[in-house]
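First the structure, in the form of structure tokens, and then the observations on it.
Letters A, B, C and D mark the chains in the order given here, with residues in each chain numbered from 1 onward.
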Amino acid sequence: MNKVVDNADEAIKDIQDNATLMLGGFGLCGIPENCITALVKKGVKGLTCISNNAGVDDFGIGLMLQTRQVKKMISSYVGENAEFERQLLSGELEVELIPQGTLATRCMASGYGMPAIYTPAGVGTEVAIGKEVRNFNGKDYLMEYAFDADFAIVKAWKGDPHGNLIYRETARNFNPMMAMAGKITIAEVEELVPAGDLDPDQIHTPGIYVHRIFKGVNYEKRIEQRTVRKS
Amino acid sequence: MNKVVDNADEAIKDIQDNATLMLGGFGLCGIPENCITALVKKGVKGLTCISNNAGVDDFGIGLMLQTRQVKKMISSYVGENAEFERQLLSGELEVELIPQGTLATRCMASGYGMPAIYTPAGVGTEVAIGKEVRNFNGKDYLMEYAFDADFAIVKAWKGDPHGNLIYRETARNFNPMMAMAGKITIAEVEELVPAGDLDPDQIHTPGIYVHRIFKGVNYEKRIEQRTVRKS
Amino acid sequence: MLDKTGIAKRIAKEVKRGYYVNLGIGIPTLVANYIPQGFDVVLQSENGLLGMGPFPFDGEEDADLINAGKQTITTLPGSSFFDSAMSFGMIRSCKVDLTILGAMEVSDNGDIANWKIPGKMVKGMGGAMDLVASAKNIIVAMQHVNKAGESKLLPKCSLPLTGVGCVKKIVTELAVLDVTQQGFKLLERAPGISVEQIKNATLGRLIIEGDIPEMHLD
Amino acid sequence: MLDKTGIAKRIAKEVKRGYYVNLGIGIPTLVANYIPQGFDVVLQSENGLLGMGPFPFDGEEDADLINAGKQTITTLPGSSFFDSAMSFGMIRSCKVDLTILGAMEVSDNGDIANWKIPGKMVKGMGGAMDLVASAKNIIVAMQHVNKAGESKLLPKCSLPLTGVGCVKKIVTELAVLDVTQQGFKLLERAPGISVEQIKNATLGRLIIEGDIPEMHLD
């Protein structure tokens, strides 16, 4: 299998206006920087973005908010972004907030071919409004549907031409589940190695889930909250 | 965290008659050989064993069948064992057959705190009898309940005192899901290394799921179907 | 008439470049031998492997490395291992493009029976029920008639079902047939086999339209 | 009266040997500083880490290694990384022994509100709803009264809920209280605080039985 494409522009070239995208990452950690840049350059509009967060004003998904490319965000937390707040309050942007574990599990459900899952998160809160509540063993659970996306865009540390992916540290986060949930899954990696170089026991996302892969460039990997102790 | 115990006898000492056990492995690949030997030695009876297969006559769970320790097997395939067949036909042994993917996913559901899952496996067959059928997006699914066990007994390649586990090749199979589904999870490993020796990115089962761990001895790792090509 | 090898060879022609394929035990396993070298196909083994390679050379067997038939195997560059839940996850989510498996009976609406014979020891369905319930493309490799000479392509399965309305294509020693809404549609005859012979060996609805070509193997 | 450090110190005494603990943002994060060295406790960060260590030394920050508050952190021997689905899987399956988080309001039946203030920009619940719905033991670290001097320990939360009937214990600048079927049960007073002061600052049902000891913080 050779799923390698040249670069981000090539990888995202068939993403059209009004597409639904999943973007991996937690905060700015493990986000697909190259594809975001390419999406901004391409100028595709009306996007629905499923991503745990919405970036900051001048980085990550924030860059796509500045250019008004995003119609709707589906996230668990969107608090680090003034432009986001402005667009939300002005009604330019829709937002749907989902508990973080529910978000992760709904993506995973898609990759595992399970149409719905049950979670206790949100029972008795406004998150439960309109949802089916079901009791198992004396505890209430919400039924939440699997969701997929036209494109899932993920960032990994290492990858090979088959699309096998290995993530690094907490940059793994949502990337593996979203990789499983894309109708088309695009992976950008820091290191693209020949097939056979990755230990088959250590692969986090088997290539079967990945449709296109490329070696990203110029990773900034910005730190949101640089916190250190005194030496 | 130090979850290390001396050996299999120590690890299983509180398993009592009529307990429900999960045992990892696919065929004879990745089975907890040391714990099975210890269970035979202890002579605990009336066990319900959840395991994909039932071993062969003189190895694996087959050893516990010889000693009539198993009351019920819950498996997807039990075809390699004459003693099994004899006990089944004579009514000494109960068996519940579950599709392999359903078995794996019901274990995983337990570890993921999901009380039930939906799968299309078995729709329209006798497996569906008495089960809730639900249609999602035009396709029928069965609702299947998560299951856990009093003890899950798994075999890994490497482990550390925290209970972190790494499996090798297809010996992984059911072990990670069962490790998540035990009220008490016991892991036997070929190599027990100090905390910090395993790469945190490569751990398949995080130690939080494991309660006891020990270094196994004298692994036979029997091959069921030795199949080779001519050189 | 085809032998087992012939059935495997003919099915191999259904395997397209870029496919992820799951091969069942028996004839389906043989299919791997007839997929052209260098053809971009990845074999999935539902016990937790993508990229199944050939059997190992004598002395190179690894007890930790088996396929779903419990045979010793090898990996290929680009292989990956995963657990059983993820394995069936990728099957259920239709990431596996093609599933090839054996059957005892297939009905003309695509039902399949291949796991249980009443009165005989039941060994279990293994992963078959998951595979047939989820694969988008299922090809059955089987004999057209059983040892008693009775058709295995039926109006309705007599044995307990493994899955419902799922089989897309059947390759037997006599013929290649698609399963359509109107029944079994005859596509090709095995070398030396007449349409009449296929008719006589098929109990389910059989559609014969125009000239039925003899199949080509390689 | 306790300061934030004092609240964190008092909560640290609730952490038992062998616990897996999830610490929320704010005061809960400080608790880590007061768990005795060598005490067998593993911190979970829900973005995908077990075995969270201290902040890195200046210059050793790693952009790929952050906690759920997006702060740079370190690992410890025995750490493991995993994806968000498994992370919340271990939370939902109650493998995490103790969750410590902040709150805007807690009601005397254990409801908690900590994610949304009507009329203000809503940033989202993050992982809080998952955590409070699943943890077997939830301790809330918060101020007893808000900036307007109003009690945050209420008969009923006025803000939108994060979870229902889930809080087990509350540690404030004034007191330690258990949440029981009969309401808030006062366990300890902060140094220099009288039962009367706690009564006045608590709107929900408050149970005061016998002498209420002053807390020890070493």
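Assume contacts are C-beta pairs under 8 Å (C-beta built on N, C-alpha and C of every residue); 3 or more make two chains touch, one makes a residue touch a chain.
No experiment lies behind these values; they were computed from the predicted model shown.
Peer 1: Where the contacts of subunit B and subunit C overlap, which chains show up?
Peer 2: Touches both subunit B and subunit C: A.
Peer 1: Look at the interfaces A-D and B-D and say which one is made up of more C-beta pairs in contact.
Peer 2: Counting C-beta pairs in contact for A-D and B-D gives the edge to A-D.
Peer 1: So, comparing C-alpha centroids, which chain is the farthest one from subunit B?
Peer 2: So the farthest one, by centre of C-alpha atoms, is D.
Peer 1: Once you find the CA centre of subunit A and the CA centre of subunit D, what distance in Å lies between them?
Peer 2: 28
Peer 1: Taking each chain's centre as the mean of its CA atoms, how far is subunit A from subunit C in angstrom?
Peer 2: One centre to the other, that is 36 Å.
Peer 1: Per the centroid of Cα atoms for each chain, what is the distance between subunit A and subunit B, given in Å?
Peer 2: From the centre of subunit A to the centre of subunit B is 33 Å.
Peer 1: Where does subunit D touch two or more other chains at once, residue-wise?
Peer 2: 49, 75, 81-82, 85, 88-89, 91-92, 134
Peer 1: Give the residues of subunit B touching no fewer than two other chains, as numbers and ranges.
Peer 2: 105, 112-114, 119-120, 167-169, 172, 200-201
Peer 1: Any two chains that touch count here, so list every such pair.
Peer 2: Touching chain pairs, listed by label, are A-B, A-C, A-D, B-C, B-D.
Peer 1: List the residues on subunit B that touch subunit C in their complex, please.
Peer 2: Residue list for subunit B touching subunit C: 26-30, 52, 75-80, 85, 88-89, 97, 99-105, 107-108, 119-127, 157, 167-177, 204, 221-231.
Peer 1: Under the stated contact criterion, what part of subunit D meets subunit B in this complex?
Peer 2: 18, 20, 40, 42, 44, 49-51, 75-82, 85-86, 88-96, 134
Peer 1: What part of subunit A is in contact with subunit B in the complex they form?
Peer 2: These residues of subunit A touch subunit B: 105, 112-120, 136-137, 139, 141, 145, 166-169, 172, 200-202.
Peer 1: Can you list the subunit C residues touching subunit B in their complex?
Peer 2: Within the complex, subunit C touches subunit B at residues 45-49, 54-73, 75, 81-85, 87-89, 91-92, 111, 121-130, 133-134, 160-165.
Peer 1: For the complex, which residues does subunit B have touching subunit D?
Peer 2: Residues in contact with subunit D: 1-2, 110-114, 160-162, 164, 180, 194-196, 198, 200-201, 203, 206-209.
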